Amino acid sequence: MFFHRQELQHKATPDRPDAVYARKLQEVLGGQYGEITVAMQYGFQSWNAHIPGKYRDLLYGIGAEEFGHVEMLATMIAQLLEKAPVGLVEGAVQNDPTVAAIIGGTDPQHAIVAGAGARPVDSNGNPWNAGYVTASGNLLADFTANANAEMQGRVQVARLYHMTDDRGVKDLLSFLLARDTMHQNQWLAAAQELRDEGVEELPVPSTFPISKEDRDVSYQYINFSDGEHASEGRWASGPTPDGKGEFTYVAEPPAGVPMPPPTQPDERFHGTTGKPSTLEKAKGAVKDALHKD
Amino acid sequence: MFFHRQELQHKATPDRPDAVYARKLQEVLGGQYGEITVAMQYGFQSWNAHIPGKYRDLLYGIGAEEFGHVEMLATMIAQLLEKAPVGLVEGAVQNDPTVAAIIGGTDPQHAIVAGAGARPVDSNGNPWNAGYVTASGNLLADFTANANAEMQGRVQVARLYHMTDDRGVKDLLSFLLARDTMHQNQWLAAAQELRDEGVEELPVPSTFPISKEDRDVSYQYINFSDGEHASEGRWASGPTPDGKGEFTYVAEPPAGVPMPPPTQPDERFHGTTGKPSTLEKAKGAVKDALHKD
Amino acid sequence: MFFHRQELQHKATPDRPDAVYARKLQEVLGGQYGEITVAMQYGFQSWNAHIPGKYRDLLYGIGAEEFGHVEMLATMIAQLLEKAPVGLVEGAVQNDPTVAAIIGGTDPQHAIVAGAGARPVDSNGNPWNAGYVTASGNLLADFTANANAEMQGRVQVARLYHMTDDRGVKDLLSFLLARDTMHQNQWLAAAQELRDEGVEELPVPSTFPISKEDRDVSYQYINFSDGEHASEGRWASGPTPDGKGEFTYVAEPPAGVPMPPPTQPDERFHGTTGKPSTLEKAKGAVKDALHKD
Amino acid sequence: MFFHRQELQHKATPDRPDAVYARKLQEVLGGQYGEITVAMQYGFQSWNAHIPGKYRDLLYGIGAEEFGHVEMLATMIAQLLEKAPVGLVEGAVQNDPTVAAIIGGTDPQHAIVAGAGARPVDSNGNPWNAGYVTASGNLLADFTANANAEMQGRVQVARLYHMTDDRGVKDLLSFLLARDTMHQNQWLAAAQELRDEGVEELPVPSTFPISKEDRDVSYQYINFSDGEHASEGRWASGPTPDGKGEFTYVAEPPAGVPMPPPTQPDERFHGTTGKPSTLEKAKGAVKDALHKD
Amino acid sequence: MFFHRQELQHKATPDRPDAVYARKLQEVLGGQYGEITVAMQYGFQSWNAHIPGKYRDLLYGIGAEEFGHVEMLATMIAQLLEKAPVGLVEGAVQNDPTVAAIIGGTDPQHAIVAGAGARPVDSNGNPWNAGYVTASGNLLADFTANANAEMQGRVQVARLYHMTDDRGVKDLLSFLLARDTMHQNQWLAAAQELRDEGVEELPVPSTFPISKEDRDVSYQYINFSDGEHASEGRWASGPTPDGKGEFTYVAEPPAGVPMPPPTQPDERFHGTTGKPSTLEKAKGAVKDALHKD
Amino acid sequence: MFFHRQELQHKATPDRPDAVYARKLQEVLGGQYGEITVAMQYGFQSWNAHIPGKYRDLLYGIGAEEFGHVEMLATMIAQLLEKAPVGLVEGAVQNDPTVAAIIGGTDPQHAIVAGAGARPVDSNGNPWNAGYVTASGNLLADFTANANAEMQGRVQVARLYHMTDDRGVKDLLSFLLARDTMHQNQWLAAAQELRDEGVEELPVPSTFPISKEDRDVSYQYINFSDGEHASEGRWASGPTPDGKGEFTYVAEPPAGVPMPPPTQPDERFHGTTGKPSTLEKAKGAVKDALHKD
């Protein structure tokens, strides 16, 4: 159960209206790595968790905080829009290039659809969608997803920080940056704890019997491009992070296997399968394909 | 520039047709964490990379391999569909519950749209979309995204491994599992190397001056749920992974700040702002809101 | 701010696993009119509300309840999936048509992506998206949207009620049906109260000066089809619900106006605008178009 | 069957080009509540209707009108774009901030994709999609959806009215506002008629036996937020609109039930289920969870 | 303006219910190449057309027919669903593998969302979206798009023809196949007429001065794969269809140009640009990159 | 298998930064007819091809080239963004209307999400999605789709050519225009070769027995609009392109057939089916419907 309190975790009031910035701020509300994403992601991870205790409590505890961040950003955006010129015609003012320029940078749906309100979309107006959410049931994979989400989120907030000089906005961003710092640290710590406790190991999923994978290629860096410097990284030699092998560097991909012959499905699918004479040629080509190198 | 060779990196031929499984296999071809995602993700990361050398070469080298994985899976799926019953009416056979059951589990677009061919969609027929791709320009964030993608991908392939007993299919999955093992290890190693070389640090982005974030809350676990076990994790006490602080545990979120008064945008947005008498009440309520605790 | 308590508003445990039903239940979790929609919709309406007091408190109060409904359904779905056969190969069992039939009706992503967990998608696996959300800032419009959402939601839950005989599931649905009954009544009552208090009137938005609309056609039913029975409804004669006019019935749409001549944009858009001889004909045709009836 | 006549229901010609406004106008053509939505919505409702006669005739009659509105708006948009500067390079002009400002506010796809033509998208360029359409087969629910659609539509047109001073555009909007007035009134009247005739009642669907819902909570307002004013609304006391109960106000949500223990699906899903020692702790936690309050 | 008549262009009644087939038939109603696509496509092409006369009349005339095809298919689908078992629990029957198998192949939203009605989606339940529509303003391009749409559509209907033995359904498909035959022929004829009349030529757009393209590579087939047979086609030698050149075959792509050095955007974007020591190496690498071959 | 070489097929460096143009250029990278579309389309067509030899080699050969075009455009876009003002606050500069105007025309996600990098989206920021891809298995249909894609693509590049005076950009566009010229010619030639060799004929699919379509309407132009000029086209009389018939012109659509009675599905779907008295009326209406004309 969720309970709401009519307070905000941190002050969220701008010094002045700025509809162009309101649009930009939508990114961290309703974008791929916005607050809706993490709130929903931690929610689904907690509901799908298979063990009670600290990991699930962590998910519940953070998830509810993130819904509060959604609220702070929505509240901020509505205020940024409150007295901003967002397309209403005001006689001569509208023809002022400065005003026109501002309007060009706003989200027209802020005005037309929401009447100067926040929207569950990103900075280009793409509606938030659940294709952004990750919740696999494997906590090591999912905590890595969470660490990434908090990193991407903090990168975006940091960029937004440089795009305004409104102290009220910067004050909120400063708070969000700190929380992202916490959450990055926390997910990395939690991922490490899973490994230290032996709950999960690398490679993920650690419960899959590693003997069933094709171990010959488990630690080969195979270079499918012509850059030579990839051989210099620690992914090209030395022990692997999973502690189970040694990286090797393969400068030239080994020869592959011939492609299987093209499929010939039922003729009632009306695919192009060729007339007899074509088929004759085709057979030759299949033979070529099969015997090539 | 990309060059194509009419070979596959690994054999990709099933022992027998299986249209139900073909549908499932679409997940790791065209799903959120399918091969199209990683191929495009590494591609965009490489094109947006800001430093030449080993990291970019790594992205180029792996990206091209992943396009080859897209091809292997597409080829496999087409063969799984080749002779499978996928909805064509065959007299009595169609009324056989076994056949009907099979058809119920297939993707109808495999038959109707692709004529027994592979499609750029997931196992529910959702078209692949670029909202799955991450390429921020910050390599520590992006390599973490990549590690996650390879973990999620390997989890999915491992699950698919248990859903078939076709040895041809399992052979290919065994190869893909191994490559995912490599790629997990590689991205984790690369992320570590960025930190060891001092190119990036935690928290990401490390170039943002940490003094500008609200350091009071940078390492607080604030518990917005009523589970008590989150205090037991290493994210609740001890040094933080970024090496810059100590985790603390806050069992009860501190009181927030009052919400700002509701916005009152231009009346030409025709939002509900209340008639005079309503406004009178409203003002009282605003006052309440502002003075609450 | 949102706070989470590790309890459910109502018991949400099925009597037995049922992966086919789990897929169906996704509709009222992550579909167009599922619980995610109403939770987010009431959230954005509250954040964008322009007057404090009872209407906004109502939105806050219900919104948080709906997030709890999201949680109940996710929890139920995870349990329906817990021990269900969802595609893992179990020797002979898999070839049993009954088992195959079950698998055909499941959501493959429940198994492959979520490892037997709930997902933020509908019963066809479409990810939830924010294009489902309505929050215009006009409360009479939005409360009507909410009444509709609760009606559609209750229709769907009622249908789902007939699709299972699991008493645990039915018990939860029975609870949800009752809450939908409440919420339908509540939004209709709230919409009426807005009108009774004179905060809003019909037509919405009531603050737009009605004299500026083309009053000649404000109450005409114009019949663009050949059914004659539309004239029998109360929308075809008598006083209008907004209390400002009388319905009239227009059996035949009046003649329209000629279409404007086709546009001739800048030739650098390379649209087909015709060569001289064509243009000659074209001009005649424009003339025809302009003078037709 | 649909028949087309090369006329418009109302004049749709602007006084002058305005590509910025053309983009805005896309909202009521191809947005969530644009004309495509209502045209398709009334279409599908009519094709799925279960009783012939006045209700279905109404749907057919209005649906065809709305397709004509799609056409009027598309025609208007093409003319607004006809001679507008939409990105073509014109020497010095392009560097004029006024021109640049205009271009900043246009939809680049109007120029690049449609060559100064209208598009089936909203004002942010999101393609129209059928997730906007409602057609449940229950007419009381669907007519409420329709009333909402016409309200949202009229709110948007009213906002657009204030965003231009082009008399040709305003003349068309004035016509559309009036038709939206009619359609709001009409759907409310039709919904009332369904109830007056006893075809449908509240709560929707009225054919579901109300005794099967959990009547204890059918008329309770349960306050999941801390605002106190919701108790003042008519949804908190007095008779309910469905005529079947009395509203009550529950200031504090009653205690919930313990969450069910986390699921433990088949290990071949490779979810994180914990190693023995973890499981030991986990069992304790389950016990705690079950016995909490 | 559009007018509706309560008739169908062709009989659309199945011999018996078939919910599995109803789902499949959704493809040609609401899929990428379904009737909604062509109806909307011809509509937008006509509204954006720049010359009056036969081409625009053609678009109007066919567009309205296609809306009638949408209606026929929706009507057919509703009837296929009318008495079909679509998930309602009927005691023992539900456990019959035959019934279960049928249900597995149905679209659950047909039952839950539409109450046994048609939906604006494809056979996998993806909502129709306007990203399927093409309307560029260039008629030769657009008529080619239309020819393709009718080809793809006819291929899909032909496949569906083999997936049923219901004579009522086959009778409708037989009609649709014939209309697709007409429409294929018609668009190819219209495309040819544009060329014969000199209104458009190849390459499209013919109004772009061909001298401004890089004529050296305008007719080269450059082989980026290792298949040798592409040299055998008429696209590898001989005169080109546009009548302006001769095809040549280039077996090996010529050497490309060095990639430009990686970008170094403003540091406030917090991309990874490398610390001094890294930069030192980087510069060397840039030099390498620039001087490579 | 795909191999990457760190070179570009053609120089892709702008003379100067231009973030507004970078946004526009996204259209031909990640839009409906951008390079990602054709790369993926030719890829899936090749993997689904049913005959080896020249047609499949052609698909492979071109597909790999198109992935290289994706890379060239991404590289170009990153450079256009490199030093451009994209929203970072620079004191007074930001208030300069010229700068503001520029920012209004940029894609905010270029800055916030990608840190001045290219993205897999179109010029309105819509993520690329696989709903743009066509791969039916029927080569005549698919080559027509390909010809259309290259035509639409060249139209878009031609428009973009007029939207910049940057010589570096124009030089790349000049190259792309030439390649589109080649590819248009090539697909038209390949489509013709399929017909000349008798591999496929018109109408597509030619393997469906034409006697099973309703031949009465296979070559009728039926005019569902009131324009008279459609009778003047070669689609209204004379031999049909498929060589199997003669076009005829039908000025007035023949009378249709009565609609079937509305469906009456199971009452547990809770659709509106009417109370007895309503049903009585309904039956009369059904009778009317059935006997109309």
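Per-chain numbering from 1; labels A, B, C, D, E and F assigned in written order.
Assume a contact is a pair of C-beta atoms (placed from the backbone, for glycine too) under 8 Å apart; a residue touches a chain by one contact, two chains touch by 3 or more.
In UniProt terms the chains read A, B, C, D, E, F = Manganese catalase family protein.
All values reported here derive from a predicted model rather than from experimental measurement.
Asker: Taking C-E as the reference interface, which entry in B-C, A-C or E-F shares over half of its contact pairs by residue number?
Answerer: When the contact pairs of C-E are compared with those in B-C, A-C or E-F, B-C matches.
Asker: Of the chain pairs A-E and A-F, which one is connected by the greater count of C-beta contacts?
Answerer: When the contacts at A-E and A-F are counted, A-F has more.
Asker: Over half of the interface residue numbers used by both subunit B and subunit D, so same, or under half, so different?
Answerer: Looking at both copies, the contact residues mostly coincide.
Asker: Would you kindly tell me how far, in whole Å, the mean C-alpha position of subunit E lies from that of subunit D?
Answerer: Inter-chain centre distance comes to 27 Å.
Asker: Mind checking the centre-to-centre distance between subunit A and subunit B? Centres are C-alpha means, answer in whole Å.
Answerer: Using C-alpha averages as centres, the distance is 6 Å.
Asker: Return the residues of subunit A touching two or more other chains; collapse runs of consecutive numbers into ranges.
Answerer: Answer for subunit A, listing residues that touch two or more other chains: 1-9, 32, 48, 52-53, 55-56, 60-61, 63-65, 68, 75, 78, 88, 97, 100-101, 103-105, 111, 113, 115-117, 121, 124-127, 129, 131, 136-138, 140, 155-156, 158-159, 162, 205, 208, 224-225, 227, 229, 253, 256, 263-265, 268-271, 285, 289.
Asker: Graph shape for the chains shown, where an edge means the two chains touch. Line, ring, star, complete, or other?
Answerer: Contact map by chain: complete.
Asker: Which residues of subunit E touch subunit D in their complex?
Answerer: Interface residues on subunit E, with respect to subunit D: 1-9, 30, 36, 40, 43-44, 47-48, 60-61, 63-65, 67-68, 70-71, 74-75, 78, 113-121, 127-131, 133, 135-138.
Asker: Over in the complex, which subunit F residues touch subunit A? Could you list them?
Answerer: 1-6, 48-53, 55-56, 87-89, 95, 97, 100-101, 103-105, 107-109, 111-113, 115, 121, 124-127, 136-140, 194, 197-200, 205, 207-208
Asker: Within the complex, which stretch of subunit A touches subunit E?
Answerer: Spelled out, the residues of subunit A in touch with subunit E are 155, 158-159, 162, 229, 268-270, 285.
Asker: Using the touch definition up top, name the residues of subunit A that touch subunit F in the complex.
Answerer: Residue positions touching the partner: 20, 23-24, 27, 31-32, 97-98, 100-105, 122-126, 155-156, 159-160, 162-165, 224-227, 253, 256, 261-265, 267, 269-275, 277-279, 281-282, 285-286, 288-289.
Asker: Note which residues of subunit F are touching subunit E in the complex, please.
Answerer: Residue positions touching the partner: 5-13, 32, 52-58, 60-65, 68, 75, 78-79, 81-83, 88, 111, 115-117, 126, 129, 131-132, 134, 136, 138, 140-141, 144-145, 147-148, 151-152, 154-156, 158, 161, 174-175, 177-182, 184-190, 192-193, 202-205, 208, 210, 212-225, 227-235, 240-242, 245, 247, 253, 255-260, 263-266, 268-271, 289, 292-293.
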